[in-house]
């Protein structure tokens, strides 16, 4: 069992996303630059090379992009998802029909750059809390249509996943409590309806609310927008009964101090909604030669 | 004809994207927090409020998100796409079934935040080249599945669109020229095959290459990775015969000097691949009251 | 908040399933019996009437079937999902274009009969364990393509839902333990990878295994194929630390004794894979008159 | 030409249904139990074994389920669709990646158990009319989305198919006759519109109606809810001019007497709407060893 | 019951085809001519006017095209499908947002012109056999993706439909007979497998083959590529036992003589694979004024 | 680089269209003639043979049709798309399972005949303008759903493609000019909004309008419905500044004279909306023997 065990993307999600992205880029007329210029039988090889320090995620999507246009294309991984790269690191090689490589290049890099950007930012947050018990978690603030991939990229960067959607765990927020007429009523209602394998987390924004929440059978508590001192008090108050999650006002400058409060999890929307693309390029090679 | 004329998103693209995003978030079990807590008949109102300075884009997608879950929900726009907002600016109000508002909130904000982030970053680039003739253009470095929306957001931010895909214009790059065995051969081949309404742009990275390119019937020239001094020479060399586009090494620090070279367009991948989300929140109101 | 709160089906799942079912029944030529016989402008009304004792589930799907073929059709519910009916009970009335009613009738009844069959069987199991603390749960042994609806029908019948799929909770079975080389290793691996809102249930088939399982941080235990005496011992051994679930060899004759063992849940595959259809018919009425 | 000739399922219907079922079970996160526990490279073998007497149908769907998750998985059939099995009969073996086998197991068995249940029930009806000329036919009372497979399972069990939908044959029922203002008018209208390869069956519920129907050029007659004595009279009255079909009140106790009336067909909704699942399990083996 | 009763197209087939056609024409950027030029609020009206003599078919598709882009557009039919038009006849009026009318115009006319072309050619064949008993039938030689609409257009032109596909009737051709090793074996095999509502037609190309075919229980006979004299003999030989269909070598010059042979049906592939488009144009009007 | 370079169809468009066409023809029951008659293991070979003079287009679609039903079927091309054929020319051979060949035959020929019909008609127009500089172009008057294929067929016949849709080039027509309140305003509006790689063509119907149009920065001019004498004057007036396109009243009798006027392009709607199917048949062979 290697370090990346359990990181796998489902192949049919990959294929469907790649097919949609290629259709988006090729339209009906196809690649009207490449097709008339490059002979159908021409073959080539190109390396995906990092231009920036970061963490790779999404090689399955890059591989599938090239293979979708040339079923016999070879895609050789020099590193695995989750690997750290430096400027100049060769990440993978694609070999096959030159037309397919040229036409699929942008889609492959768009996926790989986007997801590696998320993995890289996650890794920076993870590094910033090193030495504490806090794990870095993503949120539901993902790019529409790409959630499964983005949550995978967070894992590749060393983070952990929060719930995948509204359907797989309960998170009771302030508006739910207001709508129910109180925390007790809200928690009772979801506990009554939820299956026995569904966890219930409650969001609180004060120590008083936290005390109230802990009177009910909840599985986790989200400490929203508390300053580090209050977080420390909250952690003490919880005293290990349920996992504690901090959220709000988290950035690379503040995350260390938040982690030092002793919380179990820190959830960061920016991981998936604001990670800049990792700069990756495609360098064309003579087939067979490996770039430095 | 207002300033935003021609900015429209195609309704069926909007509906399809919103349906996919809601399905991604709701899964099969649906919103297992909201459904048991909130009464089916409860109604509410909430304002989308900016927490940050920026430019709004994607209100159609936010509106469609709420309406997809409550066909009779009202969505009132306080501003239009393309409007500049400050922290506290109320952007729009959604009114309808409380369940629908709560369940659609994240999808609506994910779309709106992502696209407004792109519009906002575009607007910063546009401001940075004010006083020059340069227009800011996006690229094909978009998030897979969202290209039409992201290109729209660029327009909302004051930018212009490059080609939409591989299918609607020709862009001859270095690898095409290498594959064809020379610029002359490459341009000839695409000209022979391309319809009379297809434009041909050629990428060059030196003044020598530029001179060669200008001997052929091309419609635009992409000056790749040239420093401002070289760009100025290139612009002089082109002398208005075709539009000039600069790319490579563009950021908010450099774009002003690049624009000062006299190029017609500056294309910026970061607009769509690295724009941070614009911070927007949903503030619940008593129905009828308008936030500040 | 009524007894059926939180029972709602997601409208877009309903619409998609109904559209697929109608396409399956109408093909390309459509209803070649009704179209030539019935005038386009003819209108009618018909009552869905129970021919058997049972519990209703799936009225949303029946309503959507008629409305898909006549957007202005009226669908009046005499009872709600979860209601008990007797032979002769009028369940709902559909009024609209006669062609639409005739062409959609079979699809509407196929959905309603299938789901009401599941609700009715569930209700019989629930009745059989009355007076015990045991709740009746469904499994993943559902009809392909209909899981969300069948799990809803189980709720309508008074049962509770187990996990919805492989994605929303962990259930470690014998083969997983064998593959991991032991229960400790299996639980450790899933705990390391699983998000903090994911519950872990472990299947055991002996008291020895149960004792081992309880040494680990698990959230529920599945007691597989134990006789009532062993179940009782298992419940005593667990002593309320985690919920206990019994499965295997459950039928209407045995379920009472199983429940008497004190387990929290009894999961029954037959609820969804072997429930006979509830017999429902469509009785045509003069518009406006209500059947007994 | 073997006994099962002409029983084939269309491969693209199989692939589409399996993909949808796997997506339903795997969601976006995938198999969160198996992926972290089982090594990606682990391989295994398992036999599908009958736990109950019955008739097998749907092996194509089971095979496709495993192959969808492991393209190189082997699926060896020990018996063919239509074969009778006893408790302990090994039906087929799946060999491949252990992860794929574990993750696809439930979908494979859900298809196979459901369709084998239908085939098994059909076979019991067929056995119950042995020695008569009556054939057992299914109806349009099928599970939405699975009609093509369920009709195939009926054939595997020795039954015959009625029309596949509203589009491929005419069946004039009482409400059609009422809407048209009489049997003569109804039959005339459909005859005028129907192509020359479309058959017309008319439903009658009395001998008087039967006599009227036989005056028109119809291709079959459905004798609805007649007792055996009346059926015998009806068969005599028809005297071989058109095929006779009995429906209504058919169960395993009554079908023999109904068949003895001399009707050509007996249609049974229960075959597809109320067949209990055939109990089948997956027994894990050391690769290469065959279960008894 | 009017002359066009039973001609209806299924609304969901219409909507799906129109959505696909609009997506094909609008792509991702949309109508880049109309959107910047025409104000969003502008409204207009335009008449669809025939420029040629013919028969109209497909108004549902034209209406749906405009309504897909403007949900409140009005579409007023001056004539119904099946109506004969002359140059200048106003067929229908579309009123609504000018942008929607301009953007949907081509799709609406492409559908209407194509289907009206088929109806018009069908009507010419029908006219050419007037006075005989022969009806004009279409074949499976249709444009991929449009079969349901093209078969509808044939009906609008006064023709009748042959089978809709391989699935709804049996047509035994020479290659089937060769594969089975003889006509007897072929017919026996299909009769054994086919449901009781499936008709069996056999293709013969000589009188000897016809005599053989008539020994079996077949429902129709296809007389392929026979000259009129042979057809007459064939009709005499059949003597009303089954419908006779002539095919092969049929055109507007020969169809009259073929019909005079006394056959019941003449099938013409050209109706659907070679009908020229009916010339229709969109004439813009001041709203409210009706063209000639 | 051969004569047909750049003619390629995108494989995923081909696969999707073929899958849809086969689903349309096979429905749910499949080929109810072939399946019971032909043994599953039978193999055969058949040649596609031209029965008429013409130009071939669409072999990829024919090949994909057979391969979709028999993944191991061989498809050998005797000629390439764009080749001229005479009656009796063998075009291609399909070898594989006899069932697959029989069931896919009609779909394969429907695609190939339709597209070859378009290529053949295009070739006749191209031949009719030989010796002039005029190229023959298609329009957006295509069959809904088949545009990419039909535009490909036009290229195979020697023609060129106009824009693919409303999205990839601007064509300002009379109604746009009217809506904008003048040609100047219309052109200004689209120029402001259009990207730098979008061409703008303006339609004019008089020399006066042409003179006005030429005052603006347009890329091409469409001379609509002008007689040859006027066309000549228009060409002189344009004097090579932009490409000239003639449309309206074009047929095989008039196209030569129109071309003689000196226009660069002649667009012909009939190429795609009114081309008769090319007559092609499937001749069954003993495997291995090649037809003359």
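Labels for the chains are A, B, C, D, E and F, by order of writing; each one numbers its residues from 1.
Assume a contact is a pair of C-beta atoms (placed from the backbone, for glycine too) under 8 Å apart; a residue touches a chain by one contact, two chains touch by 3 or more.
For clarity, every value in this text was computed on a predicted model and none was experimentally measured.
Both chain C and chain E are touched by A, B, D, F. Averaged Cα coordinates give chain A a centre that lies 44 Å from the centre of chain D. Chain A and chain C have Cα centroids lying 34 Å from one another. Taking each chain's centre as the average of its CA atoms, chain B and chain D sit 52 Å apart.
Each of residues 1, 5-6, 24, 26-30, 35-36, 39, 147, 161, 164-165, 167-169, 171, 189, 193, 198 in chain F touches at least two other chains. If touching chains are joined by edges, the resulting network of the protein chains shown connects every chain directly with every other. Every residue of chain F that touches chain B in the complex is listed here, in rising order: 1, 5-6, 137, 160-164, 167-169, 171, 189, 193, 195-199, 201, 219-220, 243, 245, 264-265. For chain E in complex with chain B, the residues that touch the partner chain are 19, 22-23, 26-30, 35-36, 39-40, 68-69. The touching residues of chain E, counted against chain F in their complex, run 17, 20-21, 24-39, 42, 44, 98, 102-103, 106-107, 109-111, 113-114, 117, 140-147, 164-173, 175-176, 178-180, 186, 189-190, 192-194, 198, 269-270, 273-274, 276-277, 284.
Contacts from chain A toward chain D in the complex involve residues 1, 5-6, 8, 10-13, 147-148, 151, 161, 164-165, 168.
Per the touch definition, chain E reaches chain A in the complex via residues 24, 27-28.
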